[in-house]
Amino acid sequence: MSWTRDQMAARAAQELRDGYYVNLGIGIPTLVANHVAPDIDITLQSENGILGLGAFPTEAEVDPDIINAGKQTVTELDRTSYVSSADSFGMIRGGHIQLSVLGAMEVAENGDLANWMVPGKMVKGPGGAMDLVAGVRRIIVLMDHLDKAGSPKFRRACTLPLTGTNVVDMVITNLAVFERPDRASPFRLIERAPGVTLDRVRDATEAHFEVSPA
Amino acid sequence: MSWTRDQMAARAAQELRDGYYVNLGIGIPTLVANHVAPDIDITLQSENGILGLGAFPTEAEVDPDIINAGKQTVTELDRTSYVSSADSFGMIRGGHIQLSVLGAMEVAENGDLANWMVPGKMVKGPGGAMDLVAGVRRIIVLMDHLDKAGSPKFRRACTLPLTGTNVVDMVITNLAVFERPDRASPFRLIERAPGVTLDRVRDATEAHFEVSPA
Amino acid sequence: MVQKVYDSAGAALDGMVRDGMTIVAGGFGLCGIPETLIDALVRSGVRDLTIVSNNAGVDDFGLGRLLRTRQVRKMISSYVGENREFERQYLAGDLEIEFSPQGTLAERMRAGGAGIPAFFTRTGVGTQIAIGKPTADFDGDLYVMERGIVADLAIVKAWKADPYGNLVYRKSARNFNPMAATCGRVTIAEVEQLVDPGAIDPDHVHTPGVFVQRLIRATCNEKRIEQRTTRSAHAA
Amino acid sequence: MVQKVYDSAGAALDGMVRDGMTIVAGGFGLCGIPETLIDALVRSGVRDLTIVSNNAGVDDFGLGRLLRTRQVRKMISSYVGENREFERQYLAGDLEIEFSPQGTLAERMRAGGAGIPAFFTRTGVGTQIAIGKPTADFDGDLYVMERGIVADLAIVKAWKADPYGNLVYRKSARNFNPMAATCGRVTIAEVEQLVDPGAIDPDHVHTPGVFVQRLIRATCNEKRIEQRTTRSAHAA
């Protein structure tokens, strides 16, 4: 057994705390918003310039002037404010956003992250990913444990061009959860999906990690 | 004869062009606003964060939330916008203000300006003067030709701590007007107050200057 | 009073374009882009442009139109993923790209407009983006130096303007427009609504008129949506 | 939802002050200053403060009150000319002053709040302000490097707030408040009016709630005027 994308998102949602300002990356990370506990109030930020993102609009509510960083139509809330992209990235770079959940191509055991380009393929650009990993206080990566070719994505070192160095605090895959208390510490395996053995995690992981409880 | 303060301000007002954004320093420079030609429309900026300064208020209009950089109560116009001090100095530093008229303790023949401190006296601080001379495209100094002790204020070199280096484009005193076409050129005497001889200007000036017409 | 309002995008661009110039454009994706002025740039025939814009439009809309007519030599952007024409020209070596991370790009525009030639950021440290750029240590962390951007011309889209050039943006269409407006040597704004002097509360102005030299009513307000995501009204 | 609204300035400061801390305060002159929070700081008895503020108040109002009680060890300001108590303590060697040009100070607050540890400016080049600071040449002009400011606590004054901490300033009382709000590790705002959620148009928010951790209704709104300059109503 392994976790579904929704289960991975739900696991990431457990990391939310009341009052957090959170930036969710494009793709699986956006699912995290569906799993926020009822007693937790968070504010979602979209780096193009929205603080206080609402749900997708009904057909009648669609407004081309309200889009998120994935260029999807969204809505505003009673707490919403709009800012310029400079001010929005000021929030990010200045450490005012507590948590970001992002996808990744590779994570290294030292916390390096690669998620923006594959040499030989057309490069689309980093967008806001480099800013987010450099500025947000805590970075959680949601990714499949293995890539499409069956190779581990949590590695000794990234083979792809980096998005940031020593920036990842937690890795949630379809098989397991790795965490470290600070960026000077090694990652530690803290949870496995139901039926996933420690050996299976070891086989599917290139990165060194500790195991908790030891 | 020499020019009055109002005549000096009127002379400075001749340098205004239609559409200019202008910052007027505290003191005599504020008088420039009284001499704007009727066919000229300018917008006054106050560096604390007002673009589009109005006149002083009537007693009924006084609003403690509308003050200029001299901490005087002022009014707003139909063109006014308020900005933060960071954005206001962005206009100044970014070269978006065409002209500033400032007072000075000393100006040097190379365009250096001193107007913020006298060694041995309590230092009040530079306020926005250093930002203005560094950022505004054209700087006109309005000052008495001689200081209270009778010494020339337009000098070979400033003796007082500088506000900025090579920043002055025009000097208007109670005796004469000096100008230079660009900041690599020497100053040139272009006007004298009625009855003020060239010799009198030379006697009262320590700076080297050219004379026009030669 | 200097008249800032022009009759058309063509009239506003008159005398302002030349081959090889650098143009900064507001907008994020297809949201808040100066559609009218982009079309006028296509018609102007100006060539060898360097365009500073977070995105490059799509094949047949936004800046994609200027790419299709091969008027662009170089893009400075953070993400150009939605444009196949871009990919074709880039792979053929006809188009140059300088990637700037999105927040760094936004800050570079703001810095250029505010007279700041360079600043330090942690963004991109240790990545390809930092190659060839100076780095410095502040309080134990490493930062990379990025340069402010000043363009020959800025084109922006706003919701409302008064005749003084005071601009108000609408919702997330604000995005890069305020910074773009500050970093052009000349800035032309196209607006959905031109309102009377005094109609904009002085506390609500997003871009003060000092930054806007020319102004037109936008005639293209298509506002194409890239990802139309909706939920059922009943589930609401 | 985390409750940001506190009953009093004293309650909002509870647990937030310690001797030797750095506090950044919004305001220009006596305009837009956090009067209520300054009074509460006086009452708190906190000492050896470093205060970052454009001005130092007057003898008996604004930050002058904290000076009079000798709770301030150092000021980082652009202009302190209105305060005789300041002069006495400075000349006696009891008070340290670091002058920062006004625009540089505003930008240093903004930079600190936006994660920018340093930036370059032409302001102050060749003057005493630049002594000891790195300089660099960009495109033939010399610039001085200035550092971003991050304070332990920011205190700001706004006109309106909603319970989420979204702030709106009024007219020129905005001044340094928006940047101060961004550069405190904790920011406390005092406001003239607390309004309901949704009562502030999302396009009119000056300081988004992310920057405000605690919020109080201001009980001091004296708004003393330094230079009451008027014209005759008949001359209007």
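A, B, C and D are the chain letters, set down in written order, and residue numbers restart from 1 in every chain.
Keep this in mind: contacts are C-beta pairs under 8 Å (C-beta built on N, C-alpha and C of every residue); 3 or more make two chains touch, one makes a residue touch a chain.
Composition by chain, UniProt nomenclature: A, B = CoA transferase subunit B; C, D = CoA transferase subunit A.
This structure is a prediction, so every number in the text was calculated from the model and none was measured.
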Comparing A-D with B-D, the one with more C-beta contacts is B-D
CA centroids of chain B (CoA transferase subunit B) and chain C (CoA transferase subunit A): separation to the nearest Å works out as 35
Whole-angstrom distance, CA centroid of chain C (CoA transferase subunit A) to CA centroid of chain D (CoA transferase subunit A), is 32
Chain B (CoA transferase subunit B) to chain D (CoA transferase subunit A), mean C-alpha position gap in Å, rounds to 28
Multi-chain touching residues of chain B (CoA transferase subunit B), meaning two or more other chains, are 76, 82-83, 89-90, 92-93, 135
Where chain C (CoA transferase subunit A) touches two or more other chains simultaneously, the residues are 107, 110, 114-116, 121-122, 169-171, 174, 202-203, 206
Contact graph of the chains (line, ring, star, complete, other): other
Touching pairs of chains in this structure are A-C, A-D, B-C, B-D, C-D
Listed in rising order, the residues of chain D (CoA transferase subunit A) that touch chain C (CoA transferase subunit A) in the complex are 107, 111, 114-122, 136, 138-139, 141, 143, 147, 168-171, 174, 202-204, 206
Given the complex, residues on chain C (CoA transferase subunit A) that touch chain A (CoA transferase subunit B) span 28-32, 54, 77-82, 87, 90-91, 97, 99, 101-104, 106-107, 109-110, 121-129, 159, 169-179, 206, 223-233, 236
Counting only contacts in the complex, chain A (CoA transferase subunit B) reaches chain C (CoA transferase subunit A) at residues 46-50, 55-68, 70-74, 76, 82-86, 88-90, 92-93, 112, 117, 122-131, 134-135, 161-165
Per the touch rule above, chain B (CoA transferase subunit B) residues touching chain C (CoA transferase subunit A) in the complex are 18-19, 21, 41, 43, 45, 51-52, 76, 78-83, 87, 89-97, 135
In their shared complex, chain A (CoA transferase subunit B) is touched by residues of chain D (CoA transferase subunit A) numbered 1-2, 110, 112-116, 162, 164, 166, 182-183, 197-198, 200, 202-203, 205, 208-211
